[in-house]
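First chain written, first letter: the chains are A, B, C, D, E, F, G and H, and each begins at residue 1.
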């Protein structure tokens, strides 16, 4: 589109309908959002086939409803994270087609269904990490990845992890969710060939300092290839995983 | 090999040369390193075509030499990071073929040269981040990625980044290296389609607290898809990038 | 006045009505509040034409009412910040003329209206920063600045900021409000000619540590000329901005 | 210039020497640095009459020399901060005209001398803060401000500050430099009408934690209008002060 | 059991009912949980005669009930920690035989009663540490130790500790529970011959930072032989104490 | 008393009613609490004429009542701090003679009234520090000091402090209570001859980190002679002040 | 003196030699240091009979020499702390009469010798705390207190403290110096009647975090009456102790 | 002995050679070190057969020599930790019989050799942890434990640990030494029956914050029975291990 606008302007110059000085001035103030590089950004999520995402925390039901309806109106998919049950209760009737995942505290409105691209394994340590794990798994799912869950395979009983390792290692990206001492990320990365994205959780007490212990442990992982997202940021890990999966898909397709 | 050993043992059982009780006992204590799952780990780097890596910090010249010669003796490539100039000076004559990169503080011995797989862009904020950026870029290079450097494009002058954006955006993985406030990662991730791996550096003073400011900034990036490695861990970011590139390559190849 | 008192005393000495010893004693204990330097301080806000300010947090409705009525009784303007809706509800009827700004959580009683002096742009990253941004914008407004708001122009989509840059750059002072990684301050300061005052907000979770990540990022800004106020201190930034605007006004006027 | 290039291109279109498609393409990839908004940034310091600045810490003598000569070659003024005596010793002969300030650890090459614009008072607590204070004072001086120093007026003896207050209060901007508990900033801001920029220093030991105590104190100042820069960042405070002074000058001049 | 499975398989090989290739394949993928080393882990607590443990915090009544019934169904003892009174109220009727300890916030179902093995002394500083002390004491008791409590013997009145020292020193393991400055651990360890396990508690305010002060104090104990567990982790200390007591018992028995 | 018991025992030995071996044994196990050095501790508060003190936080009404009645039964004075209004409401009827101070959140039962010994000035910065200031002032009062309050004399308006300085300086001990940046302690100590005890308060937000900013500032005070207590520990400061006052009294009396 | 200057001025007014306007002007700008309240501060240390103090750290030999000679020239005593052996070596010949205490890293020039006032006990935990303990003890000594040292009586062997307790308890002020876990302060304060001033030291490693562990422990002391100074601030503790001793002396004397 | 002294005193009373009042007085001041409970402490290490220990860090060669000779003179064994090579070089000739362990940075003088009691396994993650591991292993050895080393078995290659697990699990106490993310402690404790003592090391960089990451990870271990010592405190872990081993020995022997 912006190319068209640029073309129109230049054609006016070429056709003598706009003199050069005026053209210089208009080009100089041409809003940046009209340029390709900006559009890329603006339309980035849509072009990837990713749904639009709303982060609900700190927003009122009215605000979420308004933004959601606007997105739905564009015919694209919608994903809304950090949506407490009470908030969804207030939204439910106004957003027909919205599917709520209580454990993940998110809801989605799928208007088109894309084929799955890439395999994501969400591996987590304890049952208490379930909420963050589900945020990651549901997000990866809605972002179009073929997602499998491997929960409660923490290092306190290393055999649990080993017993399902043959499956996990087939994933394109492994998301490891762990609280407390976060050791699971290192153990997984020590065995994996796939990229490992670690999500520290705020599960723990005392000297876990709200997830700081797990975060530091993951950043200091002695196993190569681990990258880390913010504490409890299951969404972010899944998003990064989905970006990699799309890349894989395109490389394969091109 | 371990399959062969297992086969031999079972053939002895099948042939009546080993009774069942003895076989049970030998299988039970069969070193785990002999099993497939372990070998996978042990040989992981080699199978990927990655060189063996030595982290030199805290090792004496003798220790590095010894490990290096052992690796070289196996005919595989070697990468040695965090190698101060003095350390390399002490090693140089004993490791013929070793190429030293002073800025990156690493050296490599390449005995086989693999074709390049995947494009990595290393983008950095200021000239002071050069050392970490070079560790990332050289590592990515030696791990087999087609690596390009875009240095000194920090957010204090956003136009510098924009002016080379068309090239950067073509990368398969973008490694962003930044100290001080680490804002570059967010700005890049806000525009990029590729996975972004952020490396906070310890560049700064006062309230940068040795890179903590940049680390926290990157973990809290408002732009989706950013994952983070430890402060100054250029190697780790490049390693993670190379893992993704190999994945891309295999997806494309399959 | 205190000059007059001093003169009177000295005239009594000169006229022989007060002996020297008594004068020495009275001068020695002359209350400091009577001296110029102290008065300056006491009347500082009023002389600038700034309203008196009440920080409501931690005060009861009775306390706020009492202080407010005393100020209003002096015929001067009043600004009351950090006033929760419930608190204002309890005060509303007792303070006729009080105008409440829910988003900014502040109310004002304007008894005289000063002409606007200086242009302040309040630029903010995300919609979640709205409350702090509004505290800054309303405060700047009531302190007599011509205030414009540029919200939701965070670095995750740099084009949004660029598209309204031509306007923002005309401000005399730019207040940048941002949470999470606080990168907006650096990007704005990298382009601005005006003084930039950065306000980190406590928006974020996990490793944002209540705004610490944004605070550290802003303090470490690689762009020159950024100064920083406390986390969530929209009022403080606006106050500092207004002080600069008054200075500009006087320089221009003198 | 970039306007000229744009004009040339458009004239070719108008003259039929370049067809519209080619023009679209060339405009689309026209480096952003060529556009006005970018140049504004690039030339920001020059247009303000500010010298170019080099931060020497972490740079070799060769690097500083190279950058310095390039700047000097453009005929503009140069300021180089955080330059240790040994570094300057290595540079001295190669940079004729360079004047070194040992206490401030900076040097300057003045090729043109601008008239002084605005008054800056640098107020500091103890003799140990001298180095940071001098960085601030010399920087303000070279950035074109009429700068006065008021050192060793810390709050342990409040009378020292009061005794020179009459002079300090006449400044357009007050830069307060203090280590240890940083209380000076609050006391000064409690009395001042001018904007106050506080610089915490790393002076202290034990629980000063490298300047953290002073930094936190200044950010929490109970006196309105204080803004803060990074620990030991005398340069940053002076730069911000100079930005305000230029603003004052232009307001006055327009 | 797993030995039996292995034996069966090998007998089939020996008997010619399974050919070697198939056997190799089945052995290679034999779940690790089936191997001895893994079973050890899985059955570790049971073999020691320790009850199975549920950490209730963050679990719903339904989840706890389900896990508890499964454990009870196996005929083994059950210990459930961090169980708030409301949670137990919801569980009480569904778990006949469950005994609740309000101060310790835990409940237990004892189906078999083991003889006591080893003496544990739980020593605590103030009455406010009671809850953590009781978690430690009840846990040690249920894990089969002969447990004695010595409460309110903090260092503010050293004579209280001294007056019951003759008894305390007879313990096989001493668990010291203390908040605030945690000095009790050092004083006890300075006098004790037995292993001392220190539990910092979150009791305190201000600069106790949720137990950090006590934790750091205990880690820095000048008295040899002190080991430390997480803040408020009475269970962990008792568990470690019980592990030592079992070791003592076996050494004595062998 | 314990001297009497010792005497009795020795008289039995001297009188041949107890043989030496038995005496050795009894002396060896004589509880330490019976010895002088221990009694000193146990009776320390009573001998000083200080009331017994209960720290109510974390105790139930029943617990406080029980302890309080026991103390009252001994005929001595009682002071109970950190007692919320609801807690006192539950206790009021059961503790006749108890006087509650809402601002200080403490109550006292005075059964004997000692003459006042020593002058304590409680100086505080802002109205928000009132609660801690009152805890300090009421405590000092009940511990027998002649206590004066100087509130709202913070450094943002240094003249307020100066105007009542002539009175403050007459105190034997000055307790300075301040939140935010805690600068008041330094200013007061810079002028005072009396010992200064500083109490940081948790008043503030953002980078005050719950009083940490004020605590660090006070510990780093550039003015000699400042000692510091825990955040919000008004009681502790008053207790230390009272200990000094008693010392003064005895020195004077001896 | 300043009274004399004031008297002179007023006598000139009384005598008609100075007219009232001039007198007003001169009084208004009369440096505050000339007024009583200021002099109090300025001469505070001298009037107490305290020597003038130089903090040498961060000062050059020339700077220390210059300040020292100026003080010596006034005939008063001098104390110079944090003076490394090399620094004193450079000063020794230029400051005849200076006595250096290597362990305390301080030197003094005593020109008049005051009688000792008050008893200070310096109690320390380990031999590694010697340097800070000596700074405290020597300082207390030079500030005129009758100072006794009780070293190496840490809580790892509580009997060592108890064995010299009878002497320690006779002190007017007890300064407790301890690193690592800092428990000694609580134990001493639990037994003492005298004011206890605690000095955390940076002795320790790992999680002592440069004295933070001891500092937090001391601030959280469960024993009443402990006040705390900065890490390693032996001087500050001794100064506060001496201030109390002088108070005692005056109370006794008046 | 002290019993004898007590007996003597009482016999004098019984024999009428000492009157009761004098006896009361002498008993009251009888040094506490003479009582049983104190002696226990004083002689604790010797009675256990443990050598006397010197912590050399921060001590001069003269100081170490003096203490060492005194201990050797008593005919007991000596262990001196944290002794740098240069320090030992200065001591070597003066302490005949001293054996230095360079990796462990400790030396010992064994004058009597006790039989080994209990098995300690020292398990460590990486080669960089060698120094701390050796401090632990040598200490355990000299404290009389039968000590085995299992180094370089970190979780980045879990098979290495598994392959020597059969041996490790036979230990009476397992000391786990690990830096970086410290995950090894959890993995080991998840499989072990023996008590596990974890030693975080300062190995790492960036966000390892000098061992803080490993320390927090270990304190938050999800595997039961882990207790933790200070960062790099190999000695402390070995000491605690030896205390347990002695307990085991006595239980077995009694």
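Quick note on the criterion: a contact is a pair of C-beta atoms (placed from the backbone, for glycine too) under 8 Å apart; a residue touches a chain by one contact, two chains touch by 3 or more.
The structure displayed is predicted, hence computed values, not measured ones.
Visitor: Between G-H, D-G or F-H, which repeats the contact pattern of B-E in over half of its pairs?
Guide: When the contact pairs of B-E are compared with those in G-H, D-G or F-H, F-H matches.
Visitor: Could you see whether A-C or E-H has the larger number of C-beta contact pairs?
Guide: E-H
Visitor: So, what's the distance in Å between the C-alpha centres of subunit F and subunit A?
Guide: 56
Visitor: How big is the gap, in whole Å, between where the Cα atoms of subunit E centre and where those of subunit F centre?
Guide: 39
Visitor: Which whole number of Å gives the spacing of the CA centres of subunit D and subunit E?
Guide: Roughly 59 Å, centre to centre.
Visitor: What whole-number Å value describes the gap between the mean CA coordinates of subunit E and subunit G?
Guide: Taking the mean C-alpha position of each chain, the two centres sit 50 Å apart.
Visitor: Counting only residues that touch at least 2 other chains, which ones in subunit E make the list?
Guide: Touching at least two other chains: 32, 35, 37, 41, 157-158, 162, 166, 190-191, 206-208, 212, 215, 219-220, 224, 230-231.
Visitor: When you check every pair of chains, which ones turn out to touch?
Guide: Inter-chain contacts occur between A-B, A-C, A-D, A-E, A-H, B-C, B-D, B-E, B-H, C-D, C-F, C-G, D-F, D-G, E-F, E-G, E-H, F-G, F-H, G-H.
Visitor: Quick check on the complex: what are the subunit G residues that touch subunit D?
Guide: For this pair, the touching residues of subunit G are 29, 31-33, 35, 37-38, 41-42, 55, 57-59, 63, 200, 202, 210-212, 215, 230-233.
Visitor: Which of the residues in subunit G come into contact with subunit E in the complex?
Guide: Checking each residue of subunit G against subunit E gives 125-126, 154-158, 180-183, 185-187, 189-191, 204, 206-209, 212-214, 216-224.
Visitor: Quick one: which bits of subunit G touch subunit F in the complex? Just the residue numbers, please.
Guide: Residue positions touching the partner: 37, 40-41, 44-45, 48, 53, 162, 165-166, 169, 172, 190-191, 193-195, 197, 215, 219-220, 224-231, 236-237, 239-240, 243-244, 247-249, 251-252, 254.
Visitor: Please output the residues of subunit G touching subunit C within their complex, sorted ascending.
Guide: That would be residues 3, 6-7, 10-11, 13-14, 16, 19-21, 23-24, 27-28, 35-37 of subunit G.
Visitor: Which residues, counting only subunit D, touch subunit G once they are in their complex?
Guide: 127-128, 157-160, 162-163, 166, 203, 205-208
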